[in-house]
Structures are given as C-alpha cells and as structure tokens.
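Consider the two complexes below, in which chain A is the common component and chain B and chain C are the respective partners.
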Partner chain A sequence: MADMYQLPSASLDLLFAAISADGRRILAPTDQDGRSELQPVTSPAQVAKDYLQTALSAKEVVFPKVEQLLSYTLAPGQVDLVDATPRAEPTVVFGIRPCEASGFQALDAVFNWDYRDTFFNARMDQLTVIGMSCTRKDDACFCTSVGGGPGCAKGSDILLTPTADGYLAEVLTDKGRAIQALAPEAFKPAAGVDKAALLADVPAAFDQPALTAKLPALFDGPLWADQSLRCVGCGACAFVCPTCVCFDIQEEADAKAGRRIRAWDSCGYHMFTLHASGHNPRETQGQRWRQRIYHKFSYYPERYRSLGCVGCGKCTRACPVDMNLKEHLVEASQVNS
Partner chain B sequence: MELREKAKQLLESGAVKAVLGFEAGTGGIRRPAFAKDAARADRLGFDGEQNLASYVTRKEVKRLGKVAVAAKPAVLRALLQLMAEHQLKEEEVLPLVLDASGQVQELASAQAIEEHLALEAQVIPAEDRALMDRLGKMTRQERWDFWQKELSRCIKCYACRSSCPMCYCGHCTMDCNRPQWVPVPSHALGNLEYHMVRAMHLAGRCVECGDCGRACPVGIPIHLLTFNAEESVHAQFGQRAGASAKLDYAMSTFRPDDKETFIR
Partner chain C sequence: MSDKNIYLPYLMRIARITLEAPGVRTFRLEFVDEAAARAFDFRTGQFGLYSAFGEGESTFCIASSPTRKGYIECTFREVGRVTAGLADKEVGDIVGFRGPYGNVFPIESWKGKNLVFIAGGIALPPLRSVIWNCLDLRDWFQDISIVYGARTVADLVYKDELKEWEARPDVKLVCTVDPGGETPDWTGKVGFVPPVLEQLAPSPDNTIALVCGPPIMIKLTLPVLQKLGFTPDSIYTTLENRMKCGVGKCGRCNTGKSYVCKDGPVYTLEQLSQLPAEY
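What follows is the complex of A and B.
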C-alpha cells in the first residue's frame, strides 16, 4: 500500500527546486507551438497546462531514437574497438500518464529477457517516474481494456492525482521515497480524498484475455488484410509507441573508422523482414499489421506473461490515416472464430 | 446522383472492385475508407484531407482491380502525374468528382481529368504561403537554422513518404542498403539527407497536396520543402506537376531547343 500525501500546488515549486538542486534533470510535457513535447524544465511553470499526452512517448528517455553502441578504428592488421558508455543522467520524468509509466515494464521485458541491455538498464537505473493520473481522456484511450487505468500506479515511483488545490501524491517505491526525502515539507498528510472520484471514466472496450485466447485462430483470417487496407505502411505508430521496442543495428563506417548505431525500427516497414535472398515472409501490409497486433496481444502474453500494449492511444493519434487500434481490437474481439 | 448511391451502383454492376472515399473516424475526424461492397459504401463521403491517390499504386490496392476514387483537385493532379510517369493506367482508376450542382460525375479518361482540372485554380493555402514567404525573406543562415530546428524532431518514421502520392517507388533510395546510400538513423545527417533527397526528387513532381506535412506526427511543415521545389520549377520552366497525363518533366526531359547551351 502506497503512502498517501497531499501535495499543494504551491509545493511543486519547492519539489522541482529540490530535484534540480539534487543534480537531476526534470523532463515534463511542455507546450511547443501547440505540440506537447517532453522537454527539460526547472520549474512547474514550464510544464504544459493542458495536455492529454505528448505525441512521442517517454520511451526515448531510456531507449533513444539513435544510440551509439560502439566505435572502432581500423589500421592494417589492427582493430581498436571502444564500447560506448551509456549517456545516463539522473532524470525525473514528471507528468507522464499512467499508461506511459507502465510502458517501461514492457520495454524491460525485452531488454532484460535473455540479454541484459547495458544501455537501457543504465538509463532505467537513473530514472524516476512521477506519473500524473488522467482526469480526462479521448476516443483513442483504452487503458482499462489492457490492465491499466486512469489512476493506475504501475510504473510510477510517485503518482500524482490532480485535486482542487493540488495533488494527491502516492509515494510508491524507494525511488519515489528518495524524491520525497529531497523536499519532505512539500508532502502534507492526506485526509479522506476519494481518488476514484477524481479520475477520468474510461470504460473497458473489449475483453483482452478473451481476445488473446482467440487470436491464434484468427491468424489466417481475412480480418487483418481488410483492416490494413488503408494503412500506408509508415512507422509513426511504432515510433510513438511507449512499448514498441524493435530496433535496427546500423554500421556507419569508412575504411579507417566506424561506429555501430542502434535506431528505432518498425514492423510496419516493408523491409523489416526482407531476407537477403529477396524472400519476405511478411510481404503484404496485412501480414505486417497482423504482426503488430499479435506481437502485442499474443506473443507478449505467451513469452512474458504480460502485454505489449498499454492502451495509451498514441499510435491512433499519430496515424496519418487513423488506424484506430482500439476499434480494430474491438472488431477482432467480435469476429466469430 | 450522390456519392453513396454512385458507389453502390459501381460496385453492384462490377464496374469497379472498390470505391475510395472518406468515413467518420476517431473523435469525429475523417479518414480514408475503402468500400468493397455496397453496405460499406453507406459510410462514404468526399470530405477528408488525405490524398487518396497515394493508395492507387499500392500493391495491396492494385490487386483489388479497378478502383473508383472520390477525388479532389490534388488527387486528380496526382492521378495524372502517376499516369504520366507510367505508374497508373487510365483504365485502372475511375475518379469521381462533384460538379457545380453537387452531383457526382465520373471522369472516365485522362482527358476528362485534364479538362476538369483546367477549371480548378491551384492554390497554396494561405497559412503555408505565409510561412513560405517568411522563409523566403530569411537569410540563408536563418533558413538553415529554421530547418535544422524543425528536422531535429524528425524520427524518420517515413509518414511523409508513405502518405505522398508521388512517393510510389517500390525501392526508395532510403531503402537502398547494398550499400546504404543514406544513413538510416534519424540523427542530424540522416534526417537532412533524407529530406533533401525527397525534396529534390519531388521538384516538378509535387502536386502540392500537403499530405506529407499533414502526416508528420511531430508537426514538421515538411511539405514546404517540396512546395518550394515545385514552385521553383514552375517559375523557371512554366510547368506544373499533374497538369497532364503526358510526361513533360522539366528535370528529366531533353529538348533540342533548350535555351541553355551547356547541354548541347
């Protein structure tokens, strides 16, 4: 059970100042010409006033879009290899939504599956998440259908829920307590706050365990090709997704030196599974769309006993042709198998 | 005749295999929709933003057979340009337009499209025009700084490329990896090279629909690069992409009477 406190609005300044003084970077949703973006801030005044979510997800904090893994120099008969050091700085991510906060666990499932990823873990170790419960939602949201909720604490070290004059603060982990200890005076005793009454109402849209159970039977059905007919095959959904973890390894080198880089990749791309032989096991967009759904709702549960989707709806909002994930999952749920 | 009625008629008679239009999407927005049967045609409308011509060259759509497309001027320009570039045959697509009285009209030939388009002025939206003018007045350094800042947000999701009706290449330069021509990662060089190549490749071919900018999930006004290249070709060669189904492309057409002497 989490420790519950009240955090008056005015105390946020104190908290931000204490976090900054402790040498930690604070990343928070900011308003950039009307776009919501995670940016470094030092005071609560810089945080966006009215945001549902940022367009990109907070995954880039621990899994950046481009990351150098190693570099080398070549000379006749000699290769000098230098491992890159992860650029991990003490960071507090403030104000991300519960869906996104829980997304880190889906990344962790892959990055610590068989091999422990040095870069991801170095950044995770330095990361503290102060989540912000949702008091509103939009038509893309479906957290409650995938085990989350507008006030879900999973993945947050501290979870704030907006109240009339500040926040209800749940201090959930040791990392959260370490932040609290930086400005203990900011956290006042909480008295009789009904958290549930403060949250957005997000009714469940489909029965996820039932969907997961039926997906294997739908594999060869016509649904995926039909759904994906309007998909244009870009990678916007995967790149904004807080749980999409696929990456490409690129070698940028000349005759004398080179570096190895990890960059985001997407299963929606036609070259994602293209073999050197020219054969492509996922030749059509329908097969690629099916992979996206199955990876999140069938293979993740099978392999990690968890889901590869947090229901944030970022993919839906980012999609140039409105490939609404919730709607497509509801449709799959309703197919008679 | 209204679009839904026309779509049903075309589908039931077998004249087309699918009708492309728009339907209601998330939170009341409009999105592209394919009607392969009369029932689905009941949701179709003309009102939507995306350039539906980007679909007609897709493998999955070509496999359907002939498609009818609810077409706005930018779609028609794209269709003509695709025909000019031998990516689409006249008989593979049936553009549907609204005439002055609000009735749906079939444009059954390239000539019919050309004639219809001749009645439509090609206008760059005021907001885009204002930003282009602002960029035009900047010094070279200021303009460089502007694009450096904008492109730093690029995540190379290729939503711009995928949404573009003229980006139909089955094997884009960005995907040429034996060897890799343009860096894949979305670092500064990878982003810059990608967008430079794309803008140059669309000079004289951009139909100015603005779909690349509309598609960008991080709000980069990337369409202004291709708009600018297109306007530049128009200013220097008097050509407009998508005016005709006959190829007359300034950037790759040789004419013995070219006013420049270096080429002779």
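What follows is the complex of A and C.
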C-alpha cells in the first residue's frame, strides 16, 4: 500500500529545487507551439498548464531515437572496436500520464525477457517517474480497456493526483521515497481525500482478454486489410507509441572509422521484413497492420504475460489519416469469429 | 551491473576464402581473441550476425560443424551492401561475428535413424553444418542420403565436398541441376529437386528428412515427402527471416507468435503448420 500525502501547489517549487540540487535533470511537459513535449525544466512554472498528453512519448528517455551501440577505427587488416557506454544521467520524469508510466514495463519486457539490454537498463536504473493522474480524457483514450486507468499507479514511483489546492501524492517505490527524502517538508499528511472522485471517467471500450482470446481465429479474416486501406505506412504510430520497441541497426562509417547505431523502426514499413532475395513475408500494408495489432494484443500476452499497448491514444492523435486504434479494436471485438 | 553489451561482436580473422559459385563465398573465421575462441561453443542449426565493419551486419547460418573446432564458417551470396563489403575482404582481414543464436537441430534424438538431406542452391550451407556433424558422428546413424540441386552446375556450392561425399561408401549423394543448367561433362541428374527426390523414393521408416531451399523448392518438395509417407514431425527445415538484433528484441523476424531468432531457425513441418505463413 502506497504512502499517501498532500503536496500543496506551493511545495512543488521546493520539490523541483531539491531534485535539481541533487543533480538530477527534470523532464516535464512544456508548451511547444500548441502541443506539449517533454523538455528539461528546473521550475514548476515551466511545466505546461493544460496538457492532456505529450504528443511524443516518454520512451525516448530510456530508448533514444538513435543510440550508439559501438564504434571502431579501421586500418589495413585491423579493427579497433570500442564498446559504447550508455549515457545515463539521473533523471526525473514529471507529469507523464499513468498510461505512459506503465509503458516502461512493456519496454522492459522486451529488453530483458531473455538477453538483457544494458543500454535500456542503464537508463531505467537512473529514472524516477512522477506520474500525474488524469482529470480529463479525449476520444482516443482507452486505458481502462487495457488494464490501466486514469489514476493507475503502475510504472510510477510517485503518482500525483490534482486536487483543488495541490496534489494527492502516492509514494509508491524506493525510488519515490528517495525523491520524497530530498524534500520531506513538501509532503504533508493526507486527510480523507477521495482519489477516485478526482479522476476522469474513462469507460471501458472493449473486453481485451476476450479480444486476445479470439485474435488467433481472426488472423486470416478480411478485417485487417479493410482497416489498413487508408494507412499510408508513415510509421508515426510507432514513433509516438510509449511501448513500440522495434528497432533497426545501422552503420555510419567512412574508410577510417565508424559506428553502429540503433534507431527506431516501424513494422508498418515495407522494408522492415524485406528479405535479401526480394521476397517479403509481410508484403501488404494489411499484413503489416495485422502484425502491429497482433504483436501488441496477441504475441505480447503470450510471451510476456503483459500487453504491448497502454491505451494512451497517441497513435490515433498522430495518425495523418485518422486510423483510430480504439475504434479498430472495438470493431475487431465485435467480429464473430 | 555486470551485464555486457549484447550487440558487441567478436573480432574474427578470415583464415580462408573459398569461391563456391558465381558471387558465393565461404569464409573460414578464427577468433582474434584466444580466450574467446576457447570459450566459444555452438550447436548445429544455430546462426550469427556477421559484420563487415563500415557496412553493417547480415544474418547467416554457421555453415561449419561444431565437431570442427577452432573456427566457424559462413557461406554467403553477394547481394547487398554488407555482403558486398564482406566479398571485398581478403584472407587476414577482420570481420565481426555475434552469436551463436537460435535453436538447434536435435541430432541426439536422431540416433539410430536414417537421415535424408534435401537442399537447393544457396540453401545447402545450413544443412552442410548438420551433414558434417552427423558424418563426424557417423555410427550414431543408419543410412545418410543427400539430394542437392542447383540451377546450373556452376551454382552448386561446396563442389569439393560434394566429390568427397560422393566417394564415401556410407553416404548416398544425388546431385541434380535444372534442365538447361547441365554442362557436357555433367554426370549427375538433370531435373528439379522434387521429382528427383520422388524418383529416389527414400523410405520414411525410421527416417528424418531435412529440407532447405528456395521457397518454391520447399513448397513442391513437402508434398513429395508427404506422399512418400513422411510425417510432419519427421520433416525439418529452417526459416530465414530478416533479422537485425538476433536476440529477440528488434521485432521483425517473427512468423506469427514465433520469433525465428529465438524459437527458430529450426522448425519441424508440424511446428510450421501451427504458424501463419509469414516467411
């Protein structure tokens, strides 16, 4: 059971100052030309006042868009290989929504289910998440259909829920208690706050376990091709997704030196699965859309006992052709298998 | 945390290069680091990611047998940036290798059985590893037959080893080339692999069949094996989906729920029948 506190609005300045003084950077949603994105801040005044979600996700904090895996210098008959040390600085992510906070666990499932990914782990070790419960939602949101909720604590070290004059603060983990210990005077005893009454109402849109159970039978059906007809294969959905982890490994080099990097990739791209022979196991956009749905809602549950979707709706908001993931999942749920 | 960078390759020195067929080379690779060489072990069926530094990584099987210690071999066709970079290398040059990855051919469970190897073109390398592994443990098995076909005589890989297998009394080798691919001095068969296999008609009794080849060859060979009476759990093949990480993370090699890099590359026909045809 989490320790519950009140965090008056005025105490946030104290908390931010204490975190910065401890040598940790703070990333929080800030206004960026009409949308909000995570940026380094030092004071609560810099934090966006009225944001639903950031357009991009917080995954970049632990899984950068482009990351060096190794480098080397070349001479005739010789290669000098240099291991890359992950650049992980102590970081507090402030104000991300519960959906996104739970996304870190989905990333962890992939990066550590078998071989352990040192690059991801180094950053996760240095990360503390101060989540922010949702008091409103939009039509793209469906966290409650995928095991989350507007006040879900999963993935947060401290979860704040806005109240009339500040926040209800749940200190959930050792990392959270370490932050609390930096400014203990900011955290006041909580008295009789009804958290549930403060939260947005997000009704469940579909029965996810039932959908997961029926997906294998729907694999060869016409639904996925139909749903994907307007998909332009731009990959925006994967890039904004808090849980999409698929990556490419590429080489940047000249005759004398080079480096190997990994970069975000998308299952929506034709080249993602293209064989050297020219053969492509996922030739059509419909097959690639199906892979996106099945990876998140069928293969994840089977392999990791978790989902590859947190219901944040970022993909829907980013999609240039308005492919609404929630609507598509509702449609799949209604198909008779 | 004592974990290591899982994307860091071993440095390997090219000890030998064999030109197998037009554009097709075999590299024999030795570990630069002797401690790494001593610690390294693999089992037949496994694969790796091979680096041409400056160009990138490509996925090939380990084409040599684990019974041959001190080196690994890979055979590749020059088709893209990485394989062109590898093809430019000379003996003594350094390349990278990550692995071994993936599952294995369960040869221990085949003791006392007959083995039929069926390969087409550039798909002999994964079976060549198993063939030598089994020939080096020859008394484990009963009859060993190999059916190998290529488009033309020039396209046959491991030409010296084909002669070696042909000369062995304990191996039955049938080589064939597609009609029009024969040369005046060709003494093997002329015809596609599936009908040649049907003509050879190996008995399915107590027999394991291993099939590797281009998709069209596999598609036409499987019905022949089933007609001969081979059951789906006695037919093995490997999948060759595109990979980047090799360690179950980059997300592209899956065929349905099965990750070829972790659950494969070796599958029985029975296992494949449970998966969608995303290969």
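As a convention for this text, the second predicted complex is superposed on the first by the 337 of 337 C-alpha atoms of A that agree within 3 Å, B and C clash if a C-alpha of one lies under 4 Å from a C-alpha of the other, contacts with A are read in each partner's own complex, and residues count from 1 in each chain.
Definition applied: a contact is a pair of C-beta atoms (placed from the backbone, for glycine too) under 8 Å apart; a residue touches a chain by one contact, two chains touch by 3 or more.
Computed from a prediction, not measured in an experiment: that's the story for all the values here.
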Touching partner for A:G286 - first (chain B), second (chain C), both, neither: first
Partner chain in contact with A:Y72 - chain B first, chain C second, else both or neither: second
Touching partner for A:L229 - first (chain B), second (chain C), both, neither: first
Which partner, chain B or chain C, touches more chain A residues: C
Which of chain B and chain C A:D248 touches, first, second, both or neither: both
Touched partner set for A:K195, first chain B, second chain C, both or neither: neither
Partner chain(s) touched by A:R25 [first = chain B, second = chain C, both, neither]: neither
Partner chain(s) touched by A:W264 [first = chain B, second = chain C, both, neither]: first
Common interface positions of chain A, toward chain B and toward chain C: 248, 250
Contact footprint of chain C on chain A as seen in their complex: 69-70, 72, 74, 77-79, 81, 83-84, 110-111, 113-119, 121-122, 125, 219-220, 245-251, 253-255, 258, 260, 262, 265, 267, 272-277, 279, 281-282, 287, 291, 294-295, 298-299, 302-303
Chain B partner contacts - residues on chain A that touch it in the complex: 33-35, 55-56, 65-66, 138-140, 225, 228-230, 232-236, 238-240, 248, 250, 252, 261, 263-264, 266, 269, 271, 284-286, 316-318, 320-322, 324, 327
List of chain C residues in touch with chain A within their complex: 1, 3-9, 11, 51, 53-58, 79-80, 83, 92-94, 96, 214-215, 240-242, 244-245, 247-257, 262, 276-279
Chain B to chain A touching residues, read off their complex: 25-27, 29, 31-34, 50, 54-55, 58-61, 155-159, 161-163, 175, 177, 180, 183-187, 190, 211, 214-215, 217-219
